[in-house]
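Following this message is one structure expressed as structure tokens.
As written, the chains take the letters A, B and C, and residue 1 is the first residue of each chain.
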Amino acid sequence: MLEGFNFRIIWEYMPLFLEGLRNTFLISILSIFLALIVGVIACGGRLSRWKFLRGISIIYIESIRSTPLLVQIYFFYFGLPTLGIRIPEIQTGILALMLNSGAYIAEIVRAGITSVPNGQIEAGMSSGLNYFQRMRFIILPQAIGVTVPPLLGQAIVLVKDSALLSLISVMELTRCGQVLTSERFMPTEAFFTVAFLYLCIYFCLKYLADWSQKRLIFKETY
Amino acid sequence: MIAYYFQRLIEIFPFFLKGLWMTVIVSCLGLIFGTIFGFIMGVLRSQKIRLFNWPIGIFVSVIRGTPFVVQIFIVFFIFPEWGIQLNAISAAVLALTILGTAFICEIVAGGIKAVPKGQWEASASSGLSIVKQLRLVIIPQALRTILPPLVGQYVLLIKDSSVVSVIGVVELTRVGWLTVVRIPEGLMVFSLVGILYFVISYPLIRLSNGLEKKLSVGQISL
Amino acid sequence: MIKFKDVNKWFGSLHVLQNINVHVKPGEVVVICGPSGSGKSTLIRCINRLEKFQDGELHVDGMPLHNYSINLTKLRAEIGFVFQQFHLYPHMTALENVTLAPIHVRKIKKKEAKEIGMEKLVRVGLGDKASSYPDQLSGGQQQRVAIARGLAMSPKILLFDEPTSALDPEMIGEVLDVMIKLVDEGMTMCVVTHEMGFARQVAHRVIFMDEGEIIETEKPDQFFDNPQTERAALFISKILTH
């Protein structure tokens, strides 16, 4: 099956792959960081008492979750220029990834906050802690524990999602595979190498996620 | 100008409906096959039989750890090199089936493992065969945990089907892409595409959430 | 100290508290009992305003609770509350659970708070468990930590909502012992419980509730040996055969 597998060509293109890997890294880290900010803000809006804010947050979250990322990428890629906004493809891509993951993160954070049992909040109230003290000392420390594993799961999704930026010609890992395919027509070598590199990232993140699952979750015990 | 383009967009709306239809067909086939194979694999995986556990584990990790767009390229470009000839639509269905199988396998295995051990022991004590234990006792209970994420997985599959546009299947996203060349109003075109995805995804998301609320009695928090 | 005057409360159309009139004096120990769903929890949760009520007047430690603009923090700082399910903070050690409120509500220095916290833990017999996390403690120990947490603010009133009913029988005694010690020290307490022995030994009064109403208020021996109403008699016979 793989008898004709050409390792030489992979070696030859290694600098390209490494550059792609680096870009995938940078794009993912930047996007997840921005998405975290967007997600926390959207979650705040979602839980807010103010109807208007809540409405906007719900529309944002649900419309992102109900449409494919690729459509969102094209929306900005073809849409921003019609508004007269011209930014490099990579920025368009990061914008799309940020808004996409932000919506999922908002839901993760919300689940974390609502996972803290009501009794915990009542116990805090009963000793006279105010809203911010309850958030800071009781809810958040427990919520963050539950939130970290799914956040790492979202990071895994985001790394894979960033592969779609290849379709708007951002020079990341998948794009390298496409380049090798079109220049030398060696799709087997190209995409197996790409897949292998993604798997390496996946296993690292997966390991972290499993570890945090074991270490960070507190449970109220009776 | 915008009004003119809007007019044009309405004229070619049937084209969008055709794309939507293709999206529905491709993802339905993918999710039906994926459900069948996913259940079989999931049941095998939950049994801790060495012979199956290893290969299934590797298969699942590889599929979960690589971007779908890379998988599509592998199916479309590399399978033919191994003598498996596929047109774009079959390649799309095959890739979606593989993707669905891997994710559904994990959902099913997780659901089965969540059934208390006593249920196995009780059903075995009443003399049921392994197959009957599964069919009559275990799986009906496991469905409570399986169903909500399964429906959620269908939403993901429908959204992932947008990626098969890259190998030339004329489904909804591809239609948007072809249209935006002629009607250069990216925001408008891809809003329409997004709305059409929303129309099928959103009810499923609500269904998944509803099922989760309805079926969770002793809820296991994530 | 606590004065209910014609208090009424509804959950939607359910009339959970009907014309409640209770007066608890300083140093008094009141046991509240009654069938499930009769409104006992709702009643004592009103005292530290975990629940609001729609009608009537309630004064606690001189503060008018029917007036919604009172300072809740100040009110709750003076009242300890012990829950049926303990509700210890699972991410904190026993000592941290106890010192959280003194540090952040009373603004006591950490070192001083730790001393107070240790003193309270010793008082409930758990001086050696200060650095244990809740999941390393038995149910009875967790509940005693919860009591220490309630004591840490040196409250004027302690409220207990079925403090022993989530516990295995062999652990009930250790928690009741701690509570009895508190009674001896002169603490004002309202206790929802079905522990007859406890009620007979230390309660000054027993309040019997059913369907949102206070049916009887009696001295414990009088109540248990010679109930005035049929409903109370039925209830007592049930907890006796239990």
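Definition applied: contacts are C-beta pairs under 8 Å (C-beta built on N, C-alpha and C of every residue); 3 or more make two chains touch, one makes a residue touch a chain.
What you see is a predicted model; the values in this text were computed from it and never measured.
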Chain contact topology (line, ring, star, complete or other): line
Leader among chain pairs (count of C-beta contacts): A-B
Chain closest to the middle [Cα centroid of all protein chains]: A
Subunit A-subunit C separation of Cα centroids, rounded to whole Å: 47
Whole-Å gap separating subunit A and subunit B, where each centre is the average of the chain's CA atoms: 19
Geometric centre distance via CA averages, subunit C-subunit B, whole Å: 52
Residues of subunit A engaged with two or more neighbouring chains: none
Where subunit C touches two or more other chains, by residue: none
Of all residues in subunit C, those that touch subunit A in their complex: 48, 50, 72-77, 79-81, 83, 85-91, 100-101, 104-105, 134-135, 139, 142, 149-150, 152-153, 166
Subunit B contact footprint on subunit A (complex, rising order): 1, 62-63, 65-72, 74-75, 77-83, 111, 115, 146, 149-150, 156, 160-164, 166-167, 174, 177-178, 181, 187-188, 191-192, 194-195, 198-199, 202-203, 206
Residue ranges of subunit A touching subunit C (in the complex, touch as defined): 117, 119-120, 122-123, 125-130, 133, 137-138, 141-142, 145, 218-222
Subunit B - residues contacting subunit A, complex: 61-62, 64-71, 73-74, 77-78, 81-82, 155, 159-163, 165-166, 173, 176-177, 180, 184-187, 189-191, 193-194, 197-198, 201-202, 205, 221-222
